[in-house]
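Both complexes below contain subunit A, partnered by subunit B and then by subunit C.
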Partner chain A sequence: MIESTDTLWNYFTGRIATINPARLLGGYLDAQDWPPKQVDFDKFYMLVLGDVPLDEETFSWNVPFYETTVQFMWMNMGTQISNYTNVMGKNRGDRIRTCYQMKQELLQAMFPGFTNKISLSVDAAQNLQTTTLQEQIWWSKPAFNTRVDRESGLLYGTATVKIGSMAPTIAA
Partner chain B sequence: MALSKSLTQPLRKNMLFVGSGWRGFFAPFDYQAALTSTTGGPNILDLERQGPFNTNALPAGYSDLGWIKNFKFTNNTKVGQVRSGYRGIVRAQYRGEVGEQCEFQFREFGRQQYKVATGCQMYNLLSSSGTPSTTSPLGSPGSFAAIVMGASGYVASGAVAGQVGKPTLYVPSGSGAAFAVNNYVVVDIDYVAGTSGVLGEAGAFAYPNAITDTDWIRKTSDYVARVTAIVTGVGSPVQDALILDQVFVGGGSPAATNGIPPTTSKVQIVSGWSARNGGTFIQEWSGLFISDAQDGAQIALYYPHLSISQFRGMNPYTIENIGTTDTTGNELDASFECLGFDDPLDGETVCSYMGYFPNANNTQNVY
Partner chain C sequence: MGGYSNFGIRRTLDGIGRFAGKAFPAYLRIQATSENTVDQNATFAQFGFQVSASGQTVATDVLITPPPLVTEVSMRDIGLNSAQLQFGAKNFKISHTFVAAQQVANNYLEPGTGLPDFYRVFRDSTVIGVWYNSRIGKIVSVTHEDIGQLPWTWNLIVNFQEQPVNP
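This part shows the complex of A and B:
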């Protein structure tokens, strides 16, 4: 089942590498592992929230259809202005602009809502192997949300995406 | 023994057809050819050599009429039965009436969508600033005399510096000043007094001695586009060039001149379009509807001869969460009748072709 999250993260990072190569990418983790020891600003993380089966219209016990909910997560601090001789503006007042830039990058990276599924494995020499499977995953439109932590002045951005995917075939 | 398949419903993952709906493409029907032949008229697509179809590079004559919603086709072919014997059991079946209908809504709103959806004789509303006509809502001539097309005519993929590859319409040197960027223009020939029947590149129908308006063919012409730039003093002989936003679509009657205005064409500015409900004429088309699966497979529905069955009007649809008042979009809702075509392959009379093209790269059977 992990192929669906592997595929989405692999696809997302590949697209971001073209859209904004300078964007930092933190990897993906279970939502209950959040936050990691160190959280960097202006960096995409992907949290996996859970998996639910699709309805009877599409579910087969032999090839179970599941919907996996993931949440992209980032934090924006804004630009620290230390030199008011040359820079005019409110200190860290541009965090909403950075946040919207990241939303736009994410939306662009999610295009067109589907891709070929891949399977990741490690060979005997400990090299990562990527196998392209003859099936797709597809995902929902990202739903964005933001929250401000008033104590720290940090802006938290999230984008919730639901992945539709077929789990590996159960032979017996 | 393994569990029964009906209990576990195994499926081949690579044989699901998962896509995002349909898209519609239309080509003009050649009325001239259809007058003399039951096989002439359609813009024929070769499913074997042209399929699967590339929606980004359409077959000649076909234009993309954009996003369509709720595409549905209904097979109206009837199967009759021959009953015999004491019990009246069915002994044989035969194919009776042959027919098919399709319906959908155009989400995009433009001249061709308007024309296809209404099925009416469309009229280009020529830009006119004179005294309004008191005899016909469409009876006024254009505000300036039609300008003869330049010596270089119309080029679908032009070569004007800075505008290379864009559709280009040449007008005589100095005439470019009569136009402005964002004007819509129509390019076609004058109506010749006394002519009747199927006239012009768009195949509009004229009764004998019914028409006196010199601009009539330009009023019914499909060769309309928006001017995006005007470049003066180009080419040889020196002319002005109107750069257009898109190639001309439509035309096609006769098919040989599909998309290309005749050399004697003239140019006028258009302010809008009118679909006049009523009249005699019903627009006809060749239609191609495509649904692509995410894995690269394609279903193509091809209707050689398609015509309006019912224009259901402009349906509103809600645009969520915009503004504080009700905000609605409007889509053109229509259903179409698939007319007969005598397939020269075997002489059978048919009305539609459904092509399925599996994903060519799908080599792995995962079941």
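This part shows the complex of A and C:
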């Protein structure tokens, strides 16, 4: 079942590499260190929220069809005026612009809403091995949300995306 | 003159830790490779894959010396679905003698000014946590007390699970 989220993150990172190669990418939020380290700013992470089966008409026990909800998330602090020759402006005042730039990049990277499904594994030399599966995944238009932490002034951005995908065939 | 001497009170703390401290040995566990190397050069980590280290050293334990003063705070049950899973905090009072030595050994400097950055001893991206009583703990809070414009002790709140995981 993890192929659908693997495929989306793999497609997203490939698109971002051309849209903004400098953008930091963190991967699954649940693939970070444990004990966890601090989450980096201005960096895309992906949170997997759950999988819901489609209704009776479209669901098949042979080829289960699931809708997976994922949330791309990031935090923006803004640029601190920390050095004498650094930047001019209001301290951390550019965080809203960085947040919207990340939204724009994500929207561009989500185009066109479907791609070929892949299966991933890793070999002993630490290289990702990709197997192309003979089917596709589809995803929804991203819905954005921004929250402000009142104490720290941080902006939390999220983009919720739903993926439609067929799970591997259950033979028996 | 008058008041406290930073070095004097720190040496007193060092002495208490070495000769009268009531604690097991504690270690700072540090990754051998930096997180940036994993992030940028090894995309497999983004997907949650792990590969066999095949004999490579991936982490080192640095003995915290002089030994810290450790206070057990509490344990509480965080188990879900009627299960019991004890989780709790311990306070570590660590002498600045250790922190200063680690800062020098790892050359932790503030990028803007080149001044010593003592926080990175506990908050650098390579730091995994505190290894104590055969368990790895998550460093929750890092604060310090200062005398004479220098820290003399660092107070850590570290969260541990009662059951050891991958000892």
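The definition used in the following text is that the second predicted complex is superposed on the first by the 150 of 172 C-alpha atoms of A that agree within 3 Å, B and C clash if a C-alpha of one lies under 4 Å from a C-alpha of the other, contacts with A are read in each partner's own complex, and residues count from 1 in each chain.
FYI, a contact is a pair of C-beta atoms (placed from the backbone, for glycine too) under 8 Å apart; a residue touches a chain by one contact, two chains touch by 3 or more.
Given the structure is predicted, the values throughout are model-derived calculations rather than measurements.
Participant: Examine A:V122 and indicate which partner it touches, taking first as subunit B and second as subunit C; both and neither are also allowed.
Facilitator: Once the two structures are laid over each other on A, A:V122 reaches subunit C alone.
Participant: Counting touched residues of subunit A, say whether subunit B or subunit C comes out ahead.
Facilitator: Comparing touch counts on subunit A for subunit B and subunit C gives C.
Participant: Touch check for A:Q108: first (subunit B), second (subunit C), both, or neither?
Facilitator: Neither subunit B nor subunit C is touched by A:Q108.
Participant: Just checking: does A:K37 make contact with subunit B only, subunit C only, both, or neither of them? Give me first, second, both or neither.
Facilitator: A:K37: touches subunit C, not subunit B.
Participant: Look at A:N91 in the shared chain and tell me whether it touches subunit B only, subunit C only, both, or neither; answer first, second, both or neither.
Facilitator: neither
Participant: Just to be sure I read the superposition right, which of the two partners does A:T169 touch: subunit B = first, subunit C = second, or both, or neither?
Facilitator: It touches subunit B, and subunit C stays clear.
Participant: In the superposed arrangement, does A:G26 touch subunit B (first), subunit C (second), both or neither?
Facilitator: second
Participant: In the superposed arrangement, does A:W138 touch subunit B (first), subunit C (second), both or neither?
Facilitator: first
Participant: Indicate the residue numbers of subunit A shared between its subunit B interface and its subunit C interface, in ascending order.
Facilitator: Shared contact residues on subunit A (touching subunit B in one complex, subunit C in the other): none at all.
Participant: For subunit B, which residues count as touching subunit A in their complex?
Facilitator: By the definition above, subunit B touches subunit A via 2-3, 7-11, 13-14, 18, 20, 294-295, 362-367.
Participant: Mind pulling up the subunit A residues that touch subunit B in the complex?
Facilitator: Interface residues on the subunit A side: 60-63, 113-114, 116, 133-136, 138, 166, 169-170, 172.
Participant: In the complex formed with subunit A, which residues of subunit C make contact?
Facilitator: Its residues touching subunit A are 35, 39, 42-49, 51-52, 54, 112, 123, 125, 127-129, 136-139, 159.
Participant: Quick one: which bits of subunit A touch subunit C in the complex? Just the residue numbers, please.
Facilitator: So the residues of subunit A in touch with subunit C come to 6, 9-10, 13, 24-28, 30-31, 33, 35-38, 82-83, 120-124, 126-128.
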